[in-house]
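There are two complexes below, and they share subunit A, which is joined by subunit B in the first and by subunit C in the second.
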Partner chain A sequence: MANLHPKSGDPKVTYEYRRKKNAEEMRMQVITFTMMIFFTVIAFVAVGAGFSKWFIIPFVLLLAVVQVIFQLYYFMHMSHKGHEAPQLFMYSGVIVAFITILAFLTIIWL
Partner chain B sequence: MSTIAHAQKRGFTGTIWEYLTTVDHKKIAILYLLAGGFFFIVGGIEAMMIRIQLAVPNNDFVSAGLFNEIITMHGTTMIFLAAMPLLFAFMNAVMPLQIGARDVAFPFVNALGFWLFFFGGVFLNLSWFLGGAPDAGWTSYASLSLASEGHGIDFYALGLQISGFGTLMGGINFLVTIINMRAPGMTYMRMPLFTWTTFVASALILFAFPPLTVGLFMLIFDRMFGSGFFDVAMGGNTIIWEHFFWIFGHPEVYILVLPAFGIFSEIFPTFARKRLFGYSSMVFATVLIGFLGFMVWAHHMFTTGLGPVANAIFAVATMAIAVPTGIKIFNWILTIWGGSIKFTVPMLYAVAFIPSFVMGGVTGVMQAAAPADYQFHDSYFIVAHFHYVIVGGIVLGLLGGAHFYWPLMFGTMLSEKLGKITFVLFLVGFHLTFFIQHFLGLMGMPRRVWTFLEGQGLATGNLISSIGAAFMALGIIVLLVNIVITQKKNIQVGRDPWEDGRTLEWAIPSPVPFYNFKQLPLVRGLDPFWIEKMEGKTDMTPAEPVGDIHMPNNSFVPFVISLGLFVAAFGAMYHADEGKDWAIPVLIIGMLITFGAMLYRSVKDDHGYHIHKEDLLDEAEGGTR
Partner chain C sequence: MAAEQKFTPQTWPESPEQATLEGKNKFLGFWFFLGGETVLFASLFATYLALKDSVPSDTHAKAADLFELPLVFLMTMLLLTSSLTSVFAMYHMKNYSFKKMQQWLFITVVLGLGFLACEIYEFYHYYHAFEHKFTSSAFGSAFYTLVGFHGGHVVFGLSWIIALMIRNAKRGLNLYNAPKFYLASLYWHFIDVVWVFIFTVVYLMGMVG
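Right, the complex of A and B next:
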């Protein structure tokens, strides 16, 4: 993949740079991974503690959305170069689906 | 032994086998053309039967029940099995060449897409011989389709499911091809309009087909496995089907018409010998139509009682689509304006398309006004509207495209003289058939009606309409004769037969070598071939030295995977019947065939082969043919 091999004249610099980048990325991955496990635990706790369902359902959904974003950006490298087309398609899909569901919830009698 | 020579001479069975296993986009295009053309004729015969039945009052040429089956199969066949595959034929034949690619991104998936469509279509049409075709209209509204006796609707749901998978795969393959396989210099804003419309149509396929898949699965479960999604008595909701269908259905009409727009956007500049006017606004309009196409589905459901707020919002959204469409119309007109025009057959179709399609657009906007639509809905006015957009837009595009791209696909040129006869017959027949239907609708003739009575004032109009249909049929027969004569004579016309080709596909030798480009071309702007011509060159500047070319191997697996689903569908359909114990085993065997073939494909390595540089150079010295 082009994004894993930054092109630069000096092999030394490239190597150092990549090492630093990789270490950084690794750290972020560990952090997000811990947070994802934490979120999952919270989700179970929220259900277990028996809050009202008007709290639990939106809350768990929110946690799920955050986890999806983590997954995409930190583990599937969506922030890296070369992912513009998938991003475009995912966001358009999300927007279209959102508007459709919004229409159902607001103006359409089913 | 040269790999290139190897790929040529073959016997008859060899040719059949080649086509059953091919993964070459140019051959898959021919398969789509043949299969789509076949279904187009089947759908056309059904149309003629409808028009014969309605030619005179009180007719009993076909019974009422059979009539319902015929109109259902006519619509379903024309949309899913004729128009879509014929457009796919041109997309496959032309788009990879237009962007300077050696093949599509997933040749195997491409072949799989074709065979799924084909087996789905065959399955659907077998209903004629196995106890009756579907009879609830191409929209198959649930309250009607759940009540339909026999297996007709099951054929509809399962057949469309299978062919829908194929379409979805085809769409994904085109998307990835366009994103990843453009030649050096072919930026997005240098892509020819046909490539752009293929791109947007494929994106619409990607987003629109899943709702159809879901809806069809629910219908399959309701009918065959005892669920109650649409069954009000079981707590379901019959309107949900309509929503699923139209969330798919309205984008679908744009999936069809956008590629036709693309074909015309290639024809106009070629024969006006002038750059496409307003290229970037054309791209913008295409993308905008794609987006808006998802926000208007409820205009098909104004009369279901959505309420005034929903109706008003969807009415306005629908009317908004007329704006980008209008942009396109004006751009086409301004492309011809002041050009040095050559009225070849494709150009005739293109010019006739503009007023025909505009009429369909105007009635569309009329129907978008929700209160007015309470009058138009389910009348012949609707029939007139969508035939004006579908025949005046898509079918004219397909016919024009067939003449235009025939030399690219087959190396021969269809006769211009016969082509003009087809054109006149078809165009006159088309307006004769459908114009009068607006008035029949306004006079109260309901849609999908089996017959009418004398003295209702509908007789003359219907007779005229049926006469028009006969003209269209004659036109198509002349076209078939034209094709047979042309292929029999087989006069190869060589490269750039229209002499004014602008885009990359015309820069390739004819017949197109199976590896497309010996060297990938360097693209220096919009209409790359034209740019080179204007600088006095006859060839594209290569972007790379001659090197080995990697090619995929042929494979029989796509055929087998699709065959498995075809077999399984019979099992799913008959399992609930009394005394059909064989059905469940058949379902299982079919799925085993499919999954077995997929497993085989996954575990067996197939890296393709290379055409060696030396062979390519040898061939260049020895002359291509």
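Right, the complex of A and C next:
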């Protein structure tokens, strides 16, 4: 059990420290969620307001990318330590995903 | 550290999902799977984008005729909120409060079922009001494959979470099931990641042509 509390020899102090850290992280999660809701509403409003599609398409795609970064790094904890392998896997996946979509849009789209 | 060992909030490890070798392996393997899922959905998105509005004649409905923003907005809110409630569940898992974790997972499941009901209504509506079918056009096939595959993921994710909740209802939390709950919540978040791109690429971009 000793290796589970590397920061302090006193289990009670460590326990309270962790509780506090978890609670602080939870506040961050709620802020993240609020921003995601906000971005979603903006994206829907932009489409509903009927701007030019050359503005709307890049704009909503940008909002989607930001939302997904929030989701991955905060909700899925990819910002935490020990997530090097997940980052490798996800970024590899994203590269292949990007190439696939690019190929389909340039070669097949007529 | 035995997987069935009893814990208290004080002795519960900081990252219970990775405290055992089995947990570490599951964590690594699951993220590898999610990388693969990213590629799978990319191919479906690419197909959809290439075949969007490819209909044999003008009598067939196109994307801008079909979609209605209020329903899509409601579905987005349901899924986004369920993502937050599963974060709450994992917060209580890390604090070793099993009951609160179960309660938040239950709310997550309810919101997920709400999303699913909306999607079933949506497909039913397209089929009957617009004759928009899987076999009626290349657009129809690409649309139902992409959105349906996501819906299938929602069904699987809900079944997974419900199975975990029922199976562990009397067991409480230990290092054997903590990784299971954690991975199910990762999967649920990934479903929301995919939905963010679906509502953007399919619905919002579909509305503007």
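In this text, the second predicted complex is superposed on the first by the 86 of 110 C-alpha atoms of A that agree within 3 Å, B and C clash if a C-alpha of one lies under 4 Å from a C-alpha of the other, contacts with A are read in each partner's own complex, and residues count from 1 in each chain.
Just so we're on the same page, contacts are C-beta pairs under 8 Å (C-beta built on N, C-alpha and C of every residue); 3 or more make two chains touch, one makes a residue touch a chain.
Keep in mind the model is a prediction, meaning the values are calculated, not measured.
Using the contact criterion defined above for the overlaid structures, shared-chain residue A:Met35 touches neither subunit B nor subunit C, since it reaches no partner. When the two complexes are overlaid on their common chain A, residue A:Thr100 makes contact with subunit B and with subunit C alike. Between subunit B and subunit C, C contacts the larger number of subunit A residues. In the overlay built on the shared chain, the residue A:Phe89 is in contact with subunit B and with subunit C. Note: residues 85, 89, 92-93, 96, 100, 103-104, 108-109 of subunit A belong to the subunit B contact set and to the subunit C contact set alike, using the contact criterion stated above. Chain contact summary for the complex, subunit A toward subunit B: residues 85, 89, 92-93, 96, 99-100, 103-104, 107-110. Contact residues on subunit C toward subunit A in their complex (touch as defined above): 1, 9-11, 13-15, 18-19, 28, 31-32, 34-39, 41-43, 45-47, 49-50, 69, 72-73, 76-77, 80, 83-84, 87-88, 91, 94-95, 186, 189-190, 192-193, 196-197, 199-201, 204-205, 207-209. Subunit A makes touch with subunit C in their complex at residues 1, 4, 11-12, 15, 18-19, 22, 25-26, 29-30, 33, 36-37, 40, 43-44, 47-48, 53, 56-57, 60-61, 63-64, 67-68, 71-72, 75-76, 82, 85-86, 89-90, 92-94, 96-98, 100-101, 103-105, 108-109.
The touching residues of subunit B, when paired with subunit A in their complex, are 175, 179, 203, 206-207, 237, 239-240, 243, 247, 291, 294-295, 298, 305-307, 309-310, 313.
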